[in-house]
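The next part holds the structures, each set out as structure tokens.
Both complexes shown next keep chain A, but they swap its partner, so chain B is in the first and chain C is in the second.
Presenting the complex of A and B:
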């Protein structure tokens, strides 16, 4: 999916469905997509429990450890009910690209619902429950580690909180602004309409990512993780208002001359009442479809910003700044598990596209 | 002719609007290129003030804007603090490189999308249609960052393609044929990554536009006359389906320019992308403004070309 692809979706809202896709019921598609999205968001929100480590917890003695394999059968052929991993031994003097070997003599059974101390000085040894882990001093890295020996799985889960919700909040902001300006423009018309629509044209005259960069360029560069999250949400959300507002305007324009609206007006309904009660309800379809198209694009925008070092900064994880490790060719060549933060976007986008498809067919 | 003149005037106005917008943003920016110098105890406050005076950073917004417009008219496009030189000579070759990459990707993606879309529409429900459906769905869900990184990893592992830049170091000593081959090898991966991003969208729209036309009575009549299938599809159906696709052509250029920014950075293609990123990190504001405006110019030009094409292709627009 390229940057700015939602523009195409808005351009031609009624794409013919493919035969394979049409075989499913529209509702089934919608349910399946939504279910997938809800599951992914729940897992990411529950990172505190699902992640075996804290996202910034470093294991300096195991940088770029490969993902550990879960085993059920040990070296002597015995089968265990409880899955286990073998401890990894680091051979820094080895010339192999990934200088780790499984130590077949150190079996680390996976324990479920373990209490583990929270890393960091401020935590003062406080503990909380985690879904799984191994007995210390053993370590478990199911998706490998990065250059500081931070567990990739944990960072992926915590990073999702940033990346997924940045997209969600930014889309909410964009659509809110789009509905506000679009309905005002369509309903009141005249000079207000002219100003808003000329403004929208200027915003749409820039390729999407250049527009984002232009706005980002003039904002502070070095800010904390929390500030940068809201900064990104603001930048992405506020620059994306133009297209939704144009679509909403179109719907409002056609809705305001419906007979029931005219009737309500003749009964003395105020403008505000008409907008709230009769006209905005017509825009739900467009807004929902736009949301399903915009959110993945905005997630990608956050990932791109953080990937290029203009977004959420280390040590806070985001899928973008996790991918940034791959900018080094040596990492790209040897450590394939660093792709995880990019690959996890694929199911997210698939589910969003499924929902968008279903909404467009239903519209 | 009036139609084209109207579109042209509109394009100019939009560009003016974009430049005003970027300057408004510029005014909001905290700090400037020399802000970092204030922290350096070896540079006195007077020096910083003198530098800011010299580079015109202490003037009001309207004055700055007018001076910038003057510099655009002189062909400088502002002044780069970091390079201590006018912006246009810096930007010229890089804008050309971005344009080369985007245009090649544009051509490649359209040349692949039209036959794929036409054939999957012609054999609706067949295996090719199913494969196209699955392929476009998957490609659409692959973020362009991932495609670029994946192709780069592929180049590293196989060694078949260079991993960055536009030409080998030894390109100067090569013969003409070898130099062209070298350039094509360097271009192949970035262009593929870029084209792969827009391809699924284009295929879907071509297919959709074709389906609309294939159901229409005049095509059923043509089929009844016994016109061979290929000729029917490409001579009769495709031109009738062309209108929405021509508008899409202009839009696809915008998406390609957006996508190329990222891919240029990942694959170290010496285009506008890396320069813009560097300029943002250094707060070299006029380079940012110029790069952003150039991208707007490309997009507006693309839409203008689409408008002209539409004018040529569709007699109904000419009558109005």
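Presenting the complex of A and C:
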């Protein structure tokens, strides 16, 4: 049998371990990605409980404190069941880059489910439950502090509320618009199609970062955190509809000529009904995949804007304005924990892309 | 019997309104009384489907009605407009399309696809509609406990799908069902099953039925009258048995000869017949009879002018100079 084995190889370029393996793998990816995302979002949403401090609460006596280490074994070799941290002592006259030292005599056991007063005048001494904390006057900074001595962990959690949900809302907005305009364009065709698609091209050509500069220029200098959040979501969401609308239009174009659409029409279905029931259901796959791709892109957009000072303004935290501290070379060089907000983006993006990948395989 | 549908001088064109116009249907007219079954017979591309689509305003893009009327129970369907047509489609006139496999949405359950028609036309809530859908599915021969309404289309055979589509068509009790090649994609045994089902439904519900086909055999149980179309025109019409047994027009004669006799007697064995040539280009129809180039009985007059309606027998019309 000449060249027999070579031919066999040519016919079976990929051998799968068992039928349906790809699908099985896809489901695993989807589950893993979604689980990760749900966990991250739950923790961020529960910032009030998970964060040991309020995001704007300042500890002026400990600027740029490094992350504290959790210990189980103390200086004398005793093992404790309850983890603890050592209080940090600030040495302003020290020449070290990070002028802090652990004070081995001040052990601060970590307490779980503590009542802690809310900072600020308006709170009027109200208290609420936090997952963990240490007995005052001790302080615990598991991810260090920034230049005002604000707890990085707390800011990271509260900042996630801004950054993650800005991405989510902006994606919802541009996908909503995209589906609306794309399906109208594909279904009704003719001049409506021409207008919408030319509009989409204009929006795709827009340099949106400068568009935001322009929009921002029309607004007063100081915009509140809430307003700037919605402004960001609005601008990112409204400029991003073009790409999803083209994809949706493509799906609608092919779906509207299906026989069952014609059949439904000859049983008396109206245009709107056909669109809603028989055509839009075909776009779900594309829309879901687009969502999983757009959300991380928009999270990054928010981070970029806030990094440039165009986004959510201090003292409200966002991952972007936390990273803005790195614009100073001294901070960039000396305080590695200030990168935290950038590092958390990595797992978030990975999870989203895992989900997008799985959806694409499934579609 | 009361007249149900009167089609007069219906002309359907494709393309722009000036030159290069393609006349898919020209000057077609016929009457239909309540409960009557008629068959429209002709080759592919002779305008049968355009005729059916035009009556319900379902012509594909680029197609339009040039002139004519189709009066259904006193209203002209051709001037009714989309909202009016939507109330009629599925409720009073149903159109069954060629491919049952494609006429059902693959991701919706059969029962839901039945129910949506009832909800649209009979103002039922979804529970009532679902129950009613089960009853209609029973009428087309599914047993009560088959739970067919819970099935997805891919779980059904071709014949079952076509029965579901027929059930959709009769769900709202229409007066007229137009079936466009309803059995073309089914195998021979199932074809007869579906045809018999249509016939029994027609009898039971007093439906008028327009059956569009290129196979004369399936018209036998259903059609009382047959219209033969060629190149967008009716070339012959008359009572079904007369047209099938003693066709007048050379085209009908040729078409019927093309049929396959599976068990011929020794004396009647003959080579398989066909009509030479092909249907004319509808954009450039000859001035005379459109069938003349392919006709074996061609005369000089055939190429000179278009044939007129002739009545060689009392009940029959034929458009051919042979009978002048």
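Keep in mind that, in the parts below, the second predicted complex is superposed on the first by the 323 of 363 C-alpha atoms of A that agree within 3 Å, B and C clash if a C-alpha of one lies under 4 Å from a C-alpha of the other, contacts with A are read in each partner's own complex, and residues count from 1 in each chain.
Simple rule for what comes next: contacts are C-beta pairs under 8 Å (C-beta built on N, C-alpha and C of every residue); 3 or more make two chains touch, one makes a residue touch a chain.
Since the model is a prediction, treat every value here as computed from it, not as a measurement.
A.B. asks: Hey, is it chain B or chain C that touches more of chain A?
C.D. replies: Partner touching more chain A residues in the overlay: B.
A.B. asks: Using the superposition on chain A described above, determine whether A:259 touches chain B (first), chain C (second), both, or neither.
C.D. replies: The answer is second: A:259 touches chain C but not chain B.
A.B. asks: Taking the superposition as given, does A:114 touch the first partner, chain B, the second, chain C, both, or neither?
C.D. replies: After superposing on A, A:114 lies clear of both chain B and chain C.
A.B. asks: Between chain B (first) and chain C (second), which does A:238 come into contact with in this model arrangement: first, second, both, or neither?
C.D. replies: A:238 contacts neither chain B nor chain C.
A.B. asks: So, does A:281 touch the first partner chain B, the second partner chain C, both, or neither?
C.D. replies: Touch status of A:281: second partner only.
A.B. asks: So, does A:329 touch the first partner chain B, the second partner chain C, both, or neither?
C.D. replies: first
A.B. asks: One more residue to check, A:225. First (chain B), second (chain C), both or neither?
C.D. replies: neither
A.B. asks: Taking the touch rule as given, give the residues of chain C at its contact with chain A in the complex, in rising order.
C.D. replies: 56, 58, 86-91, 94-95, 97, 99, 102-107, 116-117, 120-121, 165, 168-169
A.B. asks: So in the complex, the part of chain A that touches chain C is made up of which residues?
C.D. replies: Touching chain C: residues 258-260, 262-270, 273, 277-278, 281 of chain A.
A.B. asks: Please output the residues of chain B touching chain A within their complex, sorted ascending.
C.D. replies: By the definition above, chain B touches chain A via 14-15, 17-18, 21-22, 25-26, 28-31, 124-125, 129-130, 132-134, 137, 140-146, 149-150, 152-153, 156-157, 163, 194, 197-198, 201, 204-205, 207-208, 211-212, 244, 247-248, 251-252, 254-259, 261-262, 265-266, 276-277, 279-281, 283, 285, 288-289, 291-292, 295-296, 298-300.
A.B. asks: Write out the stretch or stretches of chain A touching chain B in their complex.
C.D. replies: 1-5, 7-8, 11-12, 14-16, 18-21, 198, 201-203, 205-211, 213-221, 300, 303-304, 307-310, 323, 326-327, 329, 332-333, 336, 339, 342-343, 345-347, 349-350, 353
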